[in-house]
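You will see chain A twice below: alongside chain B first, and alongside chain C after that.
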Partner chain A sequence: MNFPIEQAGQNAVVIRVGASLDFRNASDFKAIVQQQVDTGIRRFILDFSETNVLDSTGLGSIFSLHRNLSSSNGHVMFAAASRPVQVVVQLTRTYKVFRQFSSVEAAVQSLE
Partner chain B sequence: MDVIRQHFNGVTGIVERLHALFDTWECGHSFFAGVEPDTIQLLRLAVHEWVANLVQHADFSGEEALITLEITPISGRLRCAIEDNSCGFPFRERIEYQRRTLTPFPERGMGLLLLNAATDIVEYAATGKGSNRLVFTVSSTADSCLDIPFS
Partner chain C sequence: MPRHSVLIVEDEHTLRRLLSYRLGRQYDVRTAADGKEAIERINEHLPDLIISDILMPRMDGFALQAALQERHDTRVIPFIFLTARTDEDSRRRGQRMGVDDYITKPFDMEQLLSRVDRLLERSDQFRNHLDARIGQDFSQRLMPKTMPRAAGYRSWFHNVPRDHGGGDIFDWIEPRPGTFFITVGDVMGKGLQAKFYAFSFLGFIRSALHTMLDATDSPAELMKRVNQVLVEDPLLEDTFASLLLMRWEPEQHRVTYANAGHCRPALIGPKKVEIVPYSDMILGLDPGAEYTDTTIEIQPGSALVSYTDGLLEQPMASGEQLGEAGVLEAVRHAHGSPQPVDSLVEHVLDISQRRTFGDDILLFWLQRDADREPAALRSGPRWFSPFAEAQGSV
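Coming up: the complex of A and B.
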């Protein structure tokens, strides 16, 4: 499974999560974001507009990215969270850690 | 009383089949009429976490996995029972172990905790017929949470 990536400014990318981020593809996600971190990307906008499934393993892969970025002042943002993703965010209170944006455009604008 | 009952043979592709069914049930099926959308999502999340646990960790002793999902709406809440023919495991002890060993921003080990947080009442027991049965209810009014350490 792939995760389409678009540049979004200096050291920033938008990653389209797609239909699911869970135990089936979390390792693919980790590998892809690690490639981006290795090239100097420090700001990640996760586009959840099409996501029907975000499970504990998927969330764990995002936590792994966050830990990876925290020492270099990077951060992860959630954009256009679908209802399933919003339920997970509320249940885990991860809005305390990851800024939430109603759209990818709003998240990109926040980078400026 | 309306009940959805779905049988699954084998774990190959079960998650895909499960979510395809949920997509169908959510789109115009009268079964979920009167149920809050977030309650349906909590159900979907809890079922997914349990099935993911079965796929990744359950011991079916070389037999084909036989899994039955049963969903019953009860006064705006949803009651779910999932029965399987695995060997079972110490459910409560495993949840307590996950809770005790949870580290900040954990990468793994949250699945049962997330299921527990998403549900009101959850019970797991052997049926005495060579299977184990998880039963839980969900409701979006419960306002529970999984207390993940962030530092």
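Coming up: the complex of A and C.
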């Protein structure tokens, strides 16, 4: 239900994804990121350090965000992807679209 | 299951807080002080049930109820009137307007809670029943009635859709004698919406194949075009899908495929069972995505096993997902069985956390007959696991 958000510089936020992003909470995630987009946020760092489950509905909600941002030069970054998240990213080959960072700090530094 | 949301419309501050407090233990509660404010709340978020006072400033309960009846998205929301009025006129007027229940103040909180509970249960049942019926209808239409057939080959197919499963698709066509195009895919999302998208998407793929096959035979070319349309067509916005598109030429014993981020098939070769590694980007994300054809020779006794993520993500007794290593193990176990797909499914259920699948399961097993007895293959050299390699190369 809950996705803690922290500001990370100009028009950027870090969102802690938590234990799972799947069909149960994907619509909450969509609503929360939409609020951020509405306030002008264009760069999203998703912290996957605690994530055990990322199913296709969850991934779909991230894809929607990417589509939503692509017209305004925004982007989504993956930080500290756990093993299950890495598997999904590899399988779908989406590392070509979402830049991958080993930690949230590394992703935040890349913003400058 | 997310919590139900209840909207309380009551102008009296104390009562509004009391109701909000008691109902808030079980439901997501939103509140409004009159009908006008209620409509604002409803526009932000459609509640599952509304409890409303009748006498309120600005817009009273009757006017609110009438306004909601005008809208197709709000007219079916269960509505309970809560009022000090005990007179029969209000009660009758409410009933005529389609009010579901009527509680007079002072009221018993337990009684109110049980009525709310019952109304929500009833509307859930109705919706689930309807969803299940439509979902089953889509699922049936999404799956072909017959399987592709060619001399020297056998195939097995397994599909168990679940009510709250996803949008698995499987389809095949034989545009020219001896050339088959087989699609296995998964449209992202869950439940009825995913099934609906899957249904539309499959129709779109079919027409794309029909129109493009005159110009190209390449799964990669077809995939590229499908992806462009998916990214560019507003009708398909927010549709993402993984897709495995295979051209099967049984006389040449060849399968040429392009894989758009779909679960990588398993290949039972003469010496080993392995994951077919090459794949490209999932559909709908990147307008410029490129796809590549890969050709596999199907040796005597070999089989190509494709599947969807319901299998890959099935939770094992260990708590881990089955994964590609588990799929290889299950394929190895099932190979040689007279009904390999049944045997594979049984094996996976045996090692699962629960003896049911958590998601839709779709499996397509295409096998070339052995020149000799399959026993020769089974008693051959011990299999080694190629998974470590496959993992490293993704």
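The criterion applied here is as follows: the second predicted complex is superposed on the first by the 112 of 112 C-alpha atoms of A that agree within 3 Å, B and C clash if a C-alpha of one lies under 4 Å from a C-alpha of the other, contacts with A are read in each partner's own complex, and residues count from 1 in each chain.
By our rule, a contact is a pair of C-beta atoms (placed from the backbone, for glycine too) under 8 Å apart; a residue touches a chain by one contact, two chains touch by 3 or more.
Keep in mind the model is a prediction, meaning the values are calculated, not measured.
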item: Chain B versus chain C as contact partner of A:Q35, first or second or both or neither; value: neither
item: Residues on chain A lying within both footprints (that of chain B and that of chain C); value: 23-24, 55-57, 59-60, 63-64, 66-67, 84, 87, 90-94, 96-97
item: Complex interface listing, chain A residues touching chain C; value: 23-24, 55-57, 59-60, 63-64, 66-67, 84, 87, 90-94, 96-97
item: Touching residues (chain side chain A, partner chain B) in the complex; value: 20, 22-24, 52-53, 55-57, 59-61, 63-64, 66-67, 83-84, 87-88, 90-94, 96-97
item: Touching residues on chain B, where the partner in the complex is chain A; value: 15, 19, 23, 37-38, 41-42, 44-45, 48-49, 52, 55-56, 105-108, 110-111, 113-114, 117-118, 144-148, 150
item: Interfacial residue positions of chain C with respect to chain A in the complex; value: 2, 164, 166, 186, 188-191, 194, 237-238, 240, 242, 261, 263-264, 279-282, 284-286, 289, 309, 312-313, 321, 323, 394
